[in-house]
Amino acid sequence: MFFFPGLHVRGRVRLDEATLRRVAELSRLLLSADEEKGIGRDLAEILEKVRQLRAAPSSHEARFWPETRAFQDLREDALRPSLGREALLASAPRRVDDLVEVPFPGEAT
Amino acid sequence: MTTDLTRLTASALHDLFERGEVSCREITSAHLETIRAHDARYGAYLHVLGEGALQAADEVDRRRLAGEEMGALSGVPVALKDVIVLEGVPATAGSRILEGWIAPYTATAALRLMGGGSPVLGKTNCDEFAMGSSTETSAYFPTRNPRDPERVPGGSSGGSAAAVAAFEAPVALGSETGGSVRQPAAFCGVVGLKPTYGRVSRYGLVAFSSSMDQIGPLGRTVEDTARLLAVIAGRDAHDMTSSPAPVGDYLAELDRSVAGVRFALPDAFLDHAGPALREATENAARALEAAGAQRVEIDLPSLEFALAVYHIVSRAEASSNLARFDGVRYGPGAPADDLLDLYLESRGRGFGREVKRRIMLGTYVLSEGYYDAFYMKAQRVRSLIAEDFERAFRTADVILTPTTPDTAFRLGEKIDDPMAMYAQDIMTLPANLAGIPALSVPVGTSRGLPVGVQVMGRPFEEGLLFRTGRLLETLSGEDRADA
Amino acid sequence: MPEAVIGLEIHVELETRTKMFCGCANVFGAPPNTHVCPVCMALPGALPLPNAEAVRGAISLALALGAEVAPELTFDRKNYFYPDLPKGYQISQSRQPLALGGRVKVGEREVRIHHLHLEEDAGKLLHLGGRAGVDFNRAGVPLVEIVSEPDLHSAEEARAYMEEVRRIVQHVGISEVRMEEGRMRADVNVSVRGSERSFGARAEIKNMNSFRAVERAVRYEIQRQMAEVAAGGGVRQETRGFNDETGETYLQRLKEEADDYRYFPEPDLPPVALTDEVIGEIRASLPPLPDERRRAFAGMGIACDDIALLLDERSRGDLLAAAVEAGGEARAMANWILGDVIRIERESATALASSGLTAGRLVALQALLEKGEISGPAAKKVLEMVYRTGEEPQEIVRREGLATLAEDELGQEIAAVFDANPKAVADLAGGNEKTLFFLVGQLVRRTGGRADPKRAAAMIRERAQAWKPPS
């Protein structure tokens, strides 16, 4: 049986609200109630398709592309010019002194 | 003279330029003029370089006079999809979250083009973060198909395909993850290539799905497309996934005969196509046989899972790749009282619905408890699909399929039906999963709308694809001088 | 009897020229945001490129710890959001860490290493009077993380382990490990077991960057947990921080709210083969490690305590080994190093390794001393000058006129000192030994250290008897 917390599979695949909220939180996405409903529905539809995978055979190992490289292919430890502070800070929406400003983080590391 | 220039192929323009009969400035200027006159109708461009393009053209002219040898497309200006960064020029990736951002560096593919003597005309419109098959998810405006402005140009490289089809650029670069160069090429009646994964550097390409993304050339002819690939292909020290495989001499291969080439027409693809596309593909098959190619049978049993695998892998990678868009280092940012607020506001306002949808799915399939069953399983099945192709290519040299299930659909027709939209890529995404090259070639029309067929080949055998495509493009008897 | 069970996760910054995944300079203390590029700033379209030297260094460390290096170098993404993490993920290793196993001997105990992995550091979040900002100079700096098994059982052991790891890292040559620069940080896992009421849950104390902090934090935490258990409570899985001022640990987060890092293989980085040749070559170029040095120095007759000091900073051991190689006598060289050289290094702004003091010069200095060409005090002066300028001792002696006084010159100087201090001489003649030191001191001062104190003392004592004040 295809059982995962948050994923209801009897009949149709459906995501419960708690799971949806958790995923949105992990993704740092703010969804309106409307969007939430819509996306929840879309996700369930897609996951329905995805459920087929269970039936799929598969080779023993996942091959991640591309081919293995040689040690000599690693980057030499040689200095390259920096983009410079102004280039970085010019793009930043907010700055404080020479730092990129962020609103005081409410979360611990 | 100016209108004439935009009607010529890139190869013809290059020849005229090299012979000194036409300057790069004249060519560039002619295209800028066409953009000015017509682009309001199609919306192919997000940003036009104008004076910047002319200055670059002047430099190209100066280099030719100095006797400098440039590339296979010297003198010919190009358009770049707005997911490819160019220093000093805005790059939006079709999204609000990058509104106003000016890139401080240049993508390798663009550098090679400019180094080869091609000024950049502008940045073309695309689906937001290349996520879409119609260019309707662009946060700015949709692009219209020059062959029928009520219809979509395809996506996500709709702007680039439309620009080439509308003579607003001789050639253009788009990007592929699941068919985003080939499908719009087919819809707009131009040629589009997805190179082998690793053939072209991804440095400077805004990432969507890292294990599948590739920059791909678009042109009105196979030769134009081949020339463009020749300029940008090859290993790049900035991209560890770029391949050390040597770059073939594509132009030399172009005119070789297809006699003896073995091709297959798998039902797995044909079955998903409407009658117009089926007929066009069968037609193409007959043309190949008439030219001496040999039809063979192959089997690709794992293809039925391709869509599901593609969904999981691409969205998982995308959810991670788009995490850098947090409102901190670039983008318009958002007023926020604390950090969480900043993330939620920036991403909430900055990302469109399709992007959010994909990030959500991607995060889900990677999360604790689901990773093995979804992501790892998908990657295993993906390997299987790749192995299917490897096996098939022992029997066949190329695989012929329709590029799309049908011709271009109407604007607004599928945007609210994600599953219907995703089904657009059913023919194209297997090549992205397997990392193999695939070329879409226009072969005619159906009820006035362009029809494209696709040839897929072994890794790094783009030359053979061009050779085959060269024959197939002759089937498109229409006069391509009319928009 | 409840027992403390402790494991450490030590992060070491590698001192390569450039960062882990880009060519930006890897430097400490630069003005903020001056060493940044599209890659370490996570601009759209940027791609990582692993640093060969960082990989080499990490492998060296793995070999020095006796760990087994993986057949391939692979990376994974660790996904989470924080302002000092530009990509919104850290490139790290999860499925296949760089090395597994290994051990570190700490006194009588052998601490097993679980694994060693490579990753990149985050930027620095700084607070400026009510506002907060990020400096990305550190973002992307190469880090090696050494994770031990929970084989430690006391605060002292934890500290000793960390100190030994520092020695090993220094000796491998991948970092000077200047603790004040934050080059080595530790997260410590502490739990208490053996009592029926302890649930064996762990507290993780994060981000300590001094040995003292580790020792104090662990000590406090053991007491805290033991008290909890004794009071009938249980210890929860939690993340704690250490307050350096109060010496206490404090709750940061409960582990139930654990992050979901959604690890997956890094698609931008293909695996790199770590062949036997590559590993063999790195193994062959390993410098002498602490244990090897311990044996060598013991064999030279150096005392245990002295050996420990010599190992605390690799440059000291390097100098001793080289000096012995150059013909110096081990204990004499060691005395110099552990006494005056360390003092001079502390007082000067230059590290020993960058100073003018080489093995050859130290040996030459000792030879001059032994031949009697210079006195002890003069030798110290010469040493200081060699350290600062890198000149040959011989040159300095000649130029500064520091050669030991000849007999007659010595006599003359003594006479002068006697003339200036008649009472002291009388006292000495009368048997007051203390004035001898005073008179010798005066002589040394007057002659700028050119008098050999022993000779001088003998001569002063002799002549004091016979001296008559000038009338």
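Going by the order they are written in, the chains are A, B and C; count residues from 1 in each one.
Definition applied: contacts are C-beta pairs under 8 Å (C-beta built on N, C-alpha and C of every residue); 3 or more make two chains touch, one makes a residue touch a chain.
Note that the structure is predicted; figures quoted are calculated from it, not measured.
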Which of B-C and A-B has more C-beta contact pairs: A-B
Nearest-to-centre chain - CA centroid comparison: A
Inter-centroid spacing, chain C versus chain A (mean Cα positions, whole Å): 40
Inter-chain centre distance, chain A versus chain B - centres from mean C-alpha coordinates, in Å: 24
Computed distance of Cα centres, chain C from chain B, in Å: 55
Chain C residues counted as touching two or more neighbouring chains: 38, 41, 49-50, 81, 83, 134, 260, 262, 267, 270
Residue list for chain B, restricted to those that touch at least two other chains: 104-105, 211, 237, 240-241, 319, 323, 326, 328-330, 339, 343, 363, 367
Touching two or more other chains - residues of chain A: 26, 28, 64-67, 69, 73, 75, 83, 87-88, 100, 102-105, 107
Chain B-touching residues of chain C, taken from the complex the two chains share: 38, 41-50, 77, 79, 81, 83, 86-89, 134, 260, 262-264, 267-270
Residues of chain A touching chain B in the complex: 4-5, 19-20, 22-24, 26-31, 35, 38-39, 42-43, 45-47, 49-50, 52-54, 56-67, 69, 73, 75, 83, 87-88, 90-94, 100, 102-107
Of chain A, residues touching chain C in the complex: 26, 28, 64-71, 73-80, 82-85, 87-89, 95-105, 107-109
In the complex, chain C residues that touch chain A: 16-18, 22-25, 31-38, 41, 49-55, 72, 81-83, 125-128, 130-136, 206-207, 239, 241, 252-253, 260, 262, 265, 267, 270-275, 278
List of chain B residues in touch with chain C within their complex: 83-85, 91, 93, 98, 103-105, 107, 202-207, 209-211, 237-241, 316-317, 319-320, 322-326, 328-330, 339, 343, 363, 366-368, 371, 375
